[in-house]
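Reading through the structure tokens given below for one structure.
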């Protein structure tokens, strides 16, 4: 199903404009380079639309949000919409403050997102269901009830006309019609900062280099999760989350179509 | 003496709000995740007190200081004081500019810090003793005269009603009454950027998860220093400070109460 | 030719003030520490000249440019000029926006740079030859025609009275009179974010610790490229760009004068 999605990224080398947080920007740039994509990390409002103008995809990430960064996001998002290139939203920790919720709402009102990726807490907050607050790197276990999670994702996809990627024990990728349930990845990825941010960057590259966006999103989730599994197998007894971070990026670097064919674990619902 | 202090962090998973510099924010987030704590890195003034409101500890770090970040620190610090949660100050490079000294003074006037951690140059500057300037990552050798260092730390602890951690060849942890002299750590840690910032984050997590704050601070210093020693033993002949950085975080990830029991090197003065 | 240039850095431990982007600031700090230099990363306009005042070298990097950061660059650059310490400019992605071009022009008008390092696209943009746009981490292959590249570098060196380092398959270092063509490095360095930024930081340290600036620049380019080669040899089949990043910094940490004597590949033109 996912043939050529990864190779399209490696061959087309899409320029991906990331307006992202300073905590994991380095990891996001390196994971894009691992895919052979071409990252541009830039967040000044003065240049946001011009930078997007030379990109094939845009990734907006709400970690370490500021007023200026939010302004850049709006400008870049509108430019991307005008160009028709994919825009990914990663609403990091949106439940944690009214400031984030307000900016996220504004973005959702003024920019059409191709894909929104978050955990249960983040997607619920965007969907207006609750304002449950927790640490940003805590992956909610709320997705145990898989059919509830699917409904949350599908409803939000229909409402926003975006593909929704709901990250959890099982990752859900849906455009409201087609739904992928994906079981790649490893629980210890939650112990590495930026694994979510990196995934969103990877998704932006996959969307930028492929036409069928919902399948491209699912392929990206499988590919990145699989890299997380392969990286975990390399870990020795003295290794921890720092080495794991490096090995995840390394695994993305070395990942092949063959690996994905053999290792992707998903079902359509 | 330090039994259960580490395990309390691992089990309680305190949310630690870090208002920190962009140079080492990634390392601080990963070292907190290595402890199984839950980092939130956020520095917008618009959300600072709300983010602190969901945290169990606050860590304020003056590296890459800006006006906005200083504003966030004041708001978050006051909120933390109102909540009664621990607040740690890491006055990175405070001796390097009047801008930093002024903001540090304002913070010390308006926020009660539970613990202040710095090297001799930084603590002396805060204490108003001198404005000796040097590179931020240079660890002053001024602490050779251990009793002078102890007096500096104790006096400043009494003045600020904070625990003071004076980092040097021997680390001193004191609340003005109880004083720990700690000989864990490795000199090569000074060749890795962010080892001080990471230690301050680790301390914030230990204070957030334990009641006896001075012992918690000392336990954190022993634990982190010991991780630095264990990481150093893993290094091969071609490894340098980048691999050392990763191994330090890895060692924190794998550190046990047993390790601390066997490896903590301290005496009470 | 390059004897003692590296050891001068290791022994003098120059303080290098970096006003740089948040994507690779951590790597720049660590590569400076790998050289035993002393990094200060600080970008607030309020303290820029004071921080430069305690430095032996200044490195200005246009990645993740903002109005405030640009303000700090101008102030720090003028202070460095007044002090007579070396100032390095890395015009990251300058071709990507009018905002960057305008700030770069202002900097070139108001600050005298000792050395400017960029790829063909960046140097051409600064020289006013074109405004070709591409991903920031894409290293242009335009330098295949080596004599054209040399002319570009020499002309720009004469115009700016700066040493110019033109990074490409062959790196060119010239002050308009003496010209080094350097063939160290490895193509895979382009797959690691920040290899250019790190090189610019390394150059700033070499210029700060040595008197003959054009030779110091060439020595830095050889040394860093050689570290990239040595690091590449360590890579195993499962390693990728994350491990490569770490090994490059590790190799700088372990690099010796002997290595440079044996491994430097350059010719004078």
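By letter and in written order, the chains are A, B and C; residue numbering begins at 1 in each of them.
Here is the rule we use: a contact is a pair of C-beta atoms (placed from the backbone, for glycine too) under 8 Å apart; a residue touches a chain by one contact, two chains touch by 3 or more.
Small disclaimer: the values here were computed from a predicted structure and weren't measured.
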{"item": "C-alpha-based rotation, subunit A on subunit B, 0 to 180 degrees, nearest 5", "value": "120"}
{"item": "Shared interface numbering between subunit C and subunit B [over half = same, under half = different]", "value": "different"}
{"item": "Rounded Å distance between subunit B and subunit C, as computed from the means of their C-alpha atoms", "value": "32"}
{"item": "Multi-chain contact sites of subunit B, meaning residues that touch two or more partners", "value": "22, 26, 245-246"}
{"item": "Residues of subunit B touching subunit A in the complex", "value": "13, 15, 22, 25-26, 29-30, 33-34, 36, 38-44, 46-47, 50-51, 54, 68, 234, 245-254"}
{"item": "Interface residues, subunit C side, partner subunit A - complex", "value": "21-24, 26-27, 63-67, 93, 96-100, 133-138, 191-194, 237-243, 245-246"}
